[in-house]
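We just call them A, B, C and D in the order they show up, numbering each chain from 1.
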Amino acid sequence: MLNFICDYNTGCHPEILKRLQETNMEPQSGYGADAYCESAARRIAQACGLPDAQVEFTVGGTQTNQLVISSMLGPLEGVISAGTGHVNSHESGAIEVTGHKVLSVPGHEGRLLASEVDDYVSTFYGDENHSHMVYPGMVYISYPTEYGTLYTKKELEDIKAVCTKHSIPLFIDGALCGEAIVFTHGNRPARFVGLKKQRGALLAKGRLLGVQFDVLFTDDLYFRIARNAIERANELKALLSSKGYSFLLDSPTNQQFVILEDSFYKSLSRRIGIEFWEKTDAAHTAVRFATSWSTTKADIEELKEVLDNV
Amino acid sequence: MLNFICDYNTGCHPEILKRLQETNMEPQSGYGADAYCESAARRIAQACGLPDAQVEFTVGGTQTNQLVISSMLGPLEGVISAGTGHVNSHESGAIEVTGHKVLSVPGHEGRLLASEVDDYVSTFYGDENHSHMVYPGMVYISYPTEYGTLYTKKELEDIKAVCTKHSIPLFIDGALCGEAIVFTHGNRPARFVGLKKQRGALLAKGRLLGVQFDVLFTDDLYFRIARNAIERANELKALLSSKGYSFLLDSPTNQQFVILEDSFYKSLSRRIGIEFWEKTDAAHTAVRFATSWSTTKADIEELKEVLDNV
Amino acid sequence: MLNFICDYNTGCHPEILKRLQETNMEPQSGYGADAYCESAARRIAQACGLPDAQVEFTVGGTQTNQLVISSMLGPLEGVISAGTGHVNSHESGAIEVTGHKVLSVPGHEGRLLASEVDDYVSTFYGDENHSHMVYPGMVYISYPTEYGTLYTKKELEDIKAVCTKHSIPLFIDGALCGEAIVFTHGNRPARFVGLKKQRGALLAKGRLLGVQFDVLFTDDLYFRIARNAIERANELKALLSSKGYSFLLDSPTNQQFVILEDSFYKSLSRRIGIEFWEKTDAAHTAVRFATSWSTTKADIEELKEVLDNV
Amino acid sequence: MLNFICDYNTGCHPEILKRLQETNMEPQSGYGADAYCESAARRIAQACGLPDAQVEFTVGGTQTNQLVISSMLGPLEGVISAGTGHVNSHESGAIEVTGHKVLSVPGHEGRLLASEVDDYVSTFYGDENHSHMVYPGMVYISYPTEYGTLYTKKELEDIKAVCTKHSIPLFIDGALCGEAIVFTHGNRPARFVGLKKQRGALLAKGRLLGVQFDVLFTDDLYFRIARNAIERANELKALLSSKGYSFLLDSPTNQQFVILEDSFYKSLSRRIGIEFWEKTDAAHTAVRFATSWSTTKADIEELKEVLDNV
């Protein structure tokens, strides 16, 4: 069945599997101290243009958010997030279980506004009235957001400026396949290996992560596979627009949110994999189509036929 | 360089890699709801002879201990462990970070004694004197232990009987490659998917775990590769004995603890990978040799030559 | 200086002090096992008309909220509160530090609406989509609210009905002086003495709490002193109304929220103690006047004179 | 009934009650910002000979240990304590519930030895082998210990020297009636009011603590009432010695541990309040006698008569 339900339903890129095979029998140190993790870290720092970056690999997204946020917050501090941010709503309380509050600030199609963050943080300083409140100790943004929207470069710079003004770190939760944590300027918390261990994020066979990222950041593979996902998403968008469907919002990413009549949604979802997002009114539903590195032009063609025949 | 430093320095068994390749492009549901996890769970329950077992897959050992122990303890309860047990001494406080105490009971070459566990637990019941103490809510044993020792079947049955008598669960931390949690009789905590998510243990591409365990429990691969590790360890033990080295204790597993003169240890460790274990006296050191599924007869031959020539 | 800044600026009711003196040298058991705690618990259960109630005494409000909420929530559960609820905004993250999320639902002058609570909770059941979210495991309301508003009996019954429908407990954070926790029907969590100890809420000289509550619930002292606070608040309200001041909202309790011109507020606050609440527009500020058991008619007279002469 | 069961079975010293009465109707700021807390803090700093000390008041002992230890430890750190230390064994896991491990080191009649602490801490530095272990971040000692023993000045200095050498704080859990936390040299953690609030240790009517300590540290009352407890304990010790009873250990404090024949213990405990401590052999039991500020010479006389007639 044709599947747009999410972007992690196939395995990994064949280049990665090929390299895992080539390196499988080499003895390498455990716990991320292998040659591939080292090489991958160097390549990622270079791709970011950050010579002083420290790069750490972990297994999953929730784990990464939990580890980074709990390591960088002080004991009375919380993390600012849009109400719709993953860490606030869809990670089973993984931040709170470490003893920290998520300070929810209203989002705009998933995005925080720099001015609103500034207002929120500003009230906390120079005022003893807040001694009974949780202090903002970090700003979290997802990029892309949970609505498939992006921040412009200007919007990111503005949020960064607010964080710098108040001396609190900005955490950008990007969407690498697997997780690489980039501490941009040598600001990795002390004893970070122990902190990873404590949160269950230290993989004995860390080479599995190292090889993966090493291949992704060789010959621009990471950017090439991302480009495929975006190009297919644009084709899908054009196709759905030409059929007259409307969109929940304008997304430039691999996630497209389309509004369908309920009866049509029901029929369609028997033929292809799509994800329920939310009811938009009594008779309509927004659904999410996601493309990935493995979506092909043929998949989009097949979708066209399905839409013609439902 | 010849390497006996631990049992996770090579990649995975070639059969697993082959199967990952064969299944790579199949679309499968995420978060452990794929066909391979389902099949692997069935095979493991069968291998355990437990028709009602519920099997869950996670990524790493510390994560698993943290998840299982924190899910099954009540709010005032701790977990009994030998002082040398992993959860007490070598997991960076991963149990305490969930709010629970590890109740350390003296071990015997890494093993708990049923009678001592019984004495410890018995004092807690029928006596209000203990209302200010942490109650024992689970017994944890590692199998094999951190010293490479094993419990006999009788010893295991005795510990299980003590647990049954006091109605507390027994958690056996085995050594599968990767982690499969076996709830033996339908006793998986409620909302376990959410608990996995909360502790960062829910893998989006869960198929990676499913395929792995599915292959391991097909045609007895798991038992065959375990047998190789043990057979090589026995050859290594015979070789070292024949050279006159003494052992820290008698280990029937893939870990062998050998006592070496310090100067010899120094020279040897420049030639092969071995792990420092502990100083035994001013002039001697115990080191650990570990074999694995990938250790070959040729490796043991090579070790013999190295020992002859150091 | 005349003081309306809060309701805990004087000591305790003289009857309590007198009784503390009378009982001071009697030997009594520690940790709440004294005769006065026992008697006070019985009187409170009777005053509530709840023969099966279990009553526990603790020292402070934040401590009580932390203890009760963390004891009654399951590991993946959070507590529903109005965004303005104490536990969400003014207790320094005391709930999150126990690992639980406060699930913030919009308030209406500090109050939750039963229908909105029902909508929120209802989405969680019969739907696997929520397995990555924090489940609502309790409803918290403050009574009176942080805005000095009250729920009507009908509103309380409606919220209780929603809780009963979903089988989750309702926690009413009332405003006794000191803290008495009333488990209404024998539903006190197991090992509660230990839980109190663990959260630092078990007072060795528990008699201090017992004597206090025992006196308060003898000869209706509790109701009589509450009545004084309300009567003085009504006089204060009438006085301020007659002077033409407007109110932020209509409060039937001992807290009155009055809107003042900024320059007048500045002058007034040099003469009497009042609490800044919030800016209502560029030129006005809402301030809180609080009366208590110790506010006298003479205090209100004095306030009248101050207002006439600022 | 004559009562030696513990030292908190009567109320407070009459001087304190008198002062509470005198100050009861004065309006004072809440949350520890009152004039009495300020004055008491000054007097305690002076009594300690520490001009830069910061003094904070809290309600109970477990709360204080939890607050101080969790505020001063880093995220991967634990607190060293004798195995018999309160924080390790009799506070319901109040340290672990904050996410930190108690690192148990063997005690000697309740005391830590400086050299053993040094050995323990020393292994952690300059060695990457410990990255999977919990680091020692503080040393906790109780003074007097749980066995009524004391450290000599030299022993305290030696432990302090070890702490200084490794740059970790030393926490002395003394036995004031109520709790005053003395940060000896301006080293109070930042935002400490918020931390108190978060752990439920911030008392709205903080004056109750301020008045108490203010009186205790006026005219040496604190030292005078302590002296009474010690003098009565010495008389009790002499009395029991003269009757031929033996002691579990030699205690210079208000706690005396006496070994009794089981049948005699049974009879005696029907006549006077004493606390079971531990079985010393099949036929004997060690019991604790505690004196306090309110124990009188007449009580010791009465005890003599009871012993003569049991």
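Convention: a residue touches a chain if its C-beta (ideal position, glycine included) is under 8 Å from a C-beta of that chain, and two chains touch if they have at least 3 such contacts.
The model shown is predicted, which means the values in this text are computed figures rather than measured ones.
Q: Please decide if copies chain B and chain C contact each other with the same set of residue positions, more than half shared, or with different positions, and reply same or different.
A: same
Q: Suppose chain centres are the mean of their C-alpha atoms. Which chain sits farthest from chain D?
A: A
Q: Counting C-beta pairs in contact, which chain pair has more, A-B or A-D?
A: A-B
Q: In degrees and to the nearest 5, what turn takes the CA positions of chain C onto those of chain D?
A: Nearest-5 rotation angle for the superposition: 180 degrees.
Q: Averaging only over C-alpha atoms, locate the centres of chain A and chain B and give their separation in whole Å.
A: 33
Q: Can you check how far apart chain A and chain D are, centre to centre, with Cα atoms defining each centre and the answer in Å?
A: Chain centres of chain A and chain D, defined by C-alpha means, are spaced 50 Å apart.
Q: Quick check: what residues of chain A touch more than one other chain, meaning two or more?
A: 76, 91-93, 97-99, 131-133, 194-195, 197-198 - these are the residues of chain A that touch more than one other chain.
Q: Can you tell me which positions in chain D touch chain B when the two form their complex?
A: Residues 76, 78, 89-93, 96-102, 104, 129, 131-134, 276.
Q: Can you tell me which positions in chain A touch chain D when the two form their complex?
A: Touch residues, chain A against chain D: 70-71, 74-76, 98-99, 131-133, 135, 190-191, 193-195, 197-198.
Q: Using the touch rule from the top, collect the residues of chain A that touch chain B in their complex.
A: Within the complex, chain A contacts chain B at residues 1, 3, 6, 8-12, 14, 17, 20-21, 23-30, 59-64, 66-67, 91-94, 97-98, 194-195, 197-205, 207-208, 273, 294.
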